[in-house]
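Two complexes come next, and they have one chain in common, chain A, joined by chain B in the first and chain C in the second.
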Partner chain A sequence: MIPARITKRDPLRAVILILLFGAAFVGAPVANHYWLEILTEIGILLIFVVGIDFLVGYTGLITLGHAGFMGVGAYSLVWIAHIQGIPVSIAMPLAILAGAVVAVIVGMLVTRVSGVFFIMVTLAMSMLFYSWAFKARRPFGGDDGLSVAGTIRLDLSSIGIDLDDQLTFCLFVLVIALLIYLLFEWLVRTPFGQTLGAIRQNENRVRALGCPVGVYKVAAFTVAGAVAALAGALHVQSTEFLHPNVSYWIKSGEGLIIVIVGGMGTLVGPVIGTFLFVLFHKGVESLTTHWQFWMGLTFIVIVIFAPDGIYGRLRTLAGSRKRKRKLHQPLDEEADVRADA
Partner chain B sequence: MTGVLLRVEGLHTYYGASHILQGVDLSIAPGSVVSLMGRNGAGKTTTLRSIMRLTPARRGTVTFDGEDVSGTKTYEIARRGIALVPETRNIFPSLSVRENLTIARKPGPDGWTLERVFELFPRLAERQANGGAQLSGGEQQMLAIARALVTDPRLLLLDEPGEGLAPLIVQEIYRTLERLKAEGMTMLLVEKNFAFATQLADHVYILGKGQMRWDGTGDALRDAEDVKHTWLGV
Partner chain C sequence: MDLNFLGIQLLNGLQLSMLLFMLAVGLSVVFGLLDVLNLAHATFYMFGAYFALMVSRLTGDFWVALVVAPLLVVLIGIVFYETLLKRIRGNHMIQALVTFGLLFVGFDLVRMIWGNGFHSVPEPALLAFSVPVFGQTFPAYRLFIIGIGLLTVVLLYFGLERTRLGAVVRAGVDDRETAMLLGINIDRAFFITFCVGTFLAGLGGVVAAPVFTVTPGMDIEILIPVLIVVVIGGPGSLKGAILGALVVGMADTFGPVLIPQLSSFLIYLLMALVLLFRPRGLLPTRSGAH
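This part shows the complex of A and B:
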């Protein structure tokens, strides 16, 4: 894993961000319907994925159930706006709040365990939501899904923004994605974020320094959960169709794969991963029905040749990693066991 | 000052089925330095870990400043004012020197500020922007002590602070501990260097096979040949 520490001056990071976001913002106005859909999808997935990186790469909480919070965001928004008829401008913050509240409750349960058990419990929690959504025929249409066209888009006409216009909506999503990315960049540099990094490296040591580790983990889980709910709320606005698949474990798995392939604990790596994942997916999908096979093969190759992820590899190539910081020092747990003797 | 800052009574700690601490008692007066000595595997580190509840004891009580903290969570024990400097140091490698200190810092009445620990360890001040993994062993040890100090502890637990370091650095660490003692810091020191441990400490406890075997002043220990021979092997 690449150290969570962000090098203070990292030109490569800036170049990558400017290139990717620049291409998206410049490309959108000239894009056709198909490409606008792709760019919107990239923006939404990006919001979801940087939240996963915050949990996995910084806090060390490897979740396989993060899509559950996308589901909470999407279903809350539909229930409040589409079914209760409350304006989306009110419903959307409430949907994010719902994600945060559910994340606090789920977080308090799941952070009691760690490692493989954490992975399994988060998976179970999200599948709990999925199976409820799958059966929730009324009012959500169960596994048939529910069309919410015309009632779910945020109305910003009062400030002269027409989100029913596809290009405007796409740019709106991309701006939010960029803001969320910057939010996490800021968060991981705060003492709060650094404490999370310390927890990942040696939980007991942080505890012995007087820090309530459990509270920090739940807080991280909550931030990531609220952000995933935002992604879910945007997703259902984009597709105007609600379906349980938004919370399916494969979605969580994809997010985790993007984080690993991009370079976890770097935030910018998962951004690269998101662009590549969506573009590769669309590209190969148009060539063969067996796109998953080629995608899987590509990921295996990437993980073998770039164990630090794409960004880690780029950084090595750019020679900006001269420091001999060894990440896999004797695992801290081992050190603790030695200390026990 | 009289009284007792920390009292440990009848502490029994297990690792799995192994009965490591078999009824450990000790007490520390405020402002004093207590050395805990004993052979490898005697249970010195385990005693420190049991006090912090990093390895919870199965029986026995730990009283800190008159309050029973036997069932208290580790982070709360730390917040009440006990800080452990582990033998393995456990610097956070991804954080810089300064960041290692800022995340641990808890402003308190005694006012251990970053400036004050940098004054104590000028070497850390020079390296405050360096990553935790770029430090030498001695610098890591200094950082570990500094990191414990900024939590503003009333009791410092030190686990072999000189272990594995170059003699000159060890001397530097020792001088720092002497200075902390002069400033009135209460310390429980696990140390193998007989001369230093007996000279710094107001009181020495000898731990052997999980039980307290002897206690007294450093001077008394220097004359107690049989105790030294049986429980320390010197």
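This part shows the complex of A and C:
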């Protein structure tokens, strides 16, 4: 049961990736302060979101608490680098490790339930972190937040890179985002990734084949948790301000929305989703303060009328002009089966 | 520790438990019947509180609001059911996601209509006094909340255990396929259960309005503990909702008094323990392979 969507050659995917990442890398050097901020935000969100797609679209674990791990990454980095004074080059891997460790523990708990129940439990676990961060006044400033300017960015001056420069930092984030994207593209093709896809499609059958399904789920949860911690660490480096909101449920929810609107289980879909989301957000924000209303409404419409997301629609459009359509049509139904599981 | 003090805390805990119960029972039974997780249940609660604000300002009477506001919420619930929920019947994940989108829409809708600020609904003049209990005084209005909660428990118990509709609902929760094979109309039972649950969510919002501040964001504030109630109690049953609500309500009240270091984590810890040892909740109803 190897999902052919992963193995088959997909020119549309390549075109979209080259266009989007190309625009970001070409645009950054000529961008002003405002647009550099937007591009940095896109890069960080992208890292967060492809991790969610790995869980939601490939493993079938619909999480509504993934921002909790962003919080773990951000708070660990601040604690190790800003408060303990350990160099960021050591603190950053440790922050990612912290995300992985917390994800193993949380993963072992939450993967005991499945389906819609999983949504509830992940949401509650992330709110546990949020409510702790909200009250952690002593080292972290609680809900007032904590300014960490000047102590939190990686020092790469030895190789001639100054990350305090906004453009350099933006490019740094975009490169990491691209690498993480490629990491997941590779991961879903490995036997590990293929097994996760099989678990999503028919968990009982995979279990009957003697595969330790629980271990695989926790492993997937851990990878996604570590990547979210990286996104959190980059987020606090970018804003140089620590705030509990990094782990708030709205953040998790936005991540899930981007994945579904972009097209879950495709990795490239969420990339499209991220670009659109940030640009749409900035656009709507300047017109109205009721951004969440429009986002929620758009999300509902897409969930009902185009559950395969923007990328799914694009592929159908591109495919309908070519011949292969009939052959691959049944595979598109897969999204519905999965969502129902 | 002073016994009178503990007695007062017990009443406070009971009051919170009853409020949680009124919200959790609708969510839990609707979930148990058709696997529909309605995250917008918390939005209904918030609208209940805002409608109470609106009606009590218009009429100057809390008692009118107590009746009218939950009915207005049911009206919204029916519109939601007919326009959205029915359309996506059968796909549980999509249903959950749509209600999740509604959470965002509801949040901003409230901000558009009533603004960002905090509002308060005055408690009814009839209950604006305190009762001496345990050597101290306790607000009568809070006793009223406990009373409403207990009344709900009793009515729902008789509704579920003694009426035909209740039997249908219990059969549906227990084994949907078999119930449908026997010619039982699960969809109708589901609709009625959904309306009752929505009514209770609205009612919860109304009675909570004088105690808590009415503000956008009160939805998610209650949603998390309510979800934990459902997880701890086990979805689908009245008893599970009662037990879960009591556990969460008491833990949230006694936690800060007895173990202040752990107070903000206590309910999450309890949820984690339940997941570890009883992943289907303390009082699961399902016998099937779910």
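Keep in mind that, in the parts below, the second predicted complex is superposed on the first by the 307 of 341 C-alpha atoms of A that agree within 3 Å, B and C clash if a C-alpha of one lies under 4 Å from a C-alpha of the other, contacts with A are read in each partner's own complex, and residues count from 1 in each chain.
The rule is simple: a residue touches a chain if its C-beta (ideal position, glycine included) is under 8 Å from a C-beta of that chain, and two chains touch if they have at least 3 such contacts.
Note that the structure is a prediction, hence the values are computed from the model and not measured.
Comparing chain C with chain B, which touches more residues belonging to chain A?
Comparing chain B with chain C, the partner touching more chain A residues is C.
In the superposed arrangement, which partner chain does A:116 touch: chain B (first), chain C (second), both, or neither?
second
After the superposition on A, what does A:170 contact: first (chain B), second (chain C), both or neither?
Neither chain B nor chain C is touched by A:170.
Go through the superposed model and pick first if A:208 touches only chain B, second if only chain C, both, or neither.
In the superposed model, A:208 contacts chain B only, not chain C.
Kindly classify A:92 by the partners it touches after superposition: chain B alone (first), chain C alone (second), both, or neither?
A:92: touches no partner chain.
On the A-aligned overlay, A:72 touches which partner chain: chain B = first, chain C = second, or both, or neither?
After superposing on A, A:72 lies clear of both chain B and chain C.
For A:198, using the defined touch cut-off, is the partner it touches chain B, chain C, both, or neither? Pick first, second, both or neither.
first
Once the two structures are superposed, pull the chain A residues common to the chain B and chain C interfaces.
336, 339-341
Taking the touch rule as given, give the residues of chain A at its contact with chain C in the complex, in rising order.
62, 64, 109-110, 112-113, 115-117, 119-121, 123-125, 127-128, 131-132, 135, 249, 253, 256-257, 260, 289-293, 295-297, 299-300, 303-304, 307, 336, 339-341
So in the complex, which bits of chain A are touching chain B?
For chain A paired with chain B, touching residues are 3-5, 191, 194-195, 197-198, 201-202, 204-213, 323-327, 329, 332, 335-336, 338-341.
Taking the touch rule as given, give the residues of chain B at its contact with chain A in the complex, in rising order.
Result: residues 15, 40-41, 45-46, 49, 52, 54-55, 73-76, 78-79, 83-84, 86-88, 90, 92-96, 99-100, 102-104, 106, 131, 133-134, 147-148, 151, 159 of chain B touch chain A.
Residue numbers of chain C touching chain A in their complex, please.
These residues of chain C touch chain A: 31, 35, 37, 39, 84, 87-88, 90-94, 96-98, 100-105, 107-109, 111-112, 220, 224, 227-228, 230-231, 235, 264-265, 268, 271-272, 275-276, 279.
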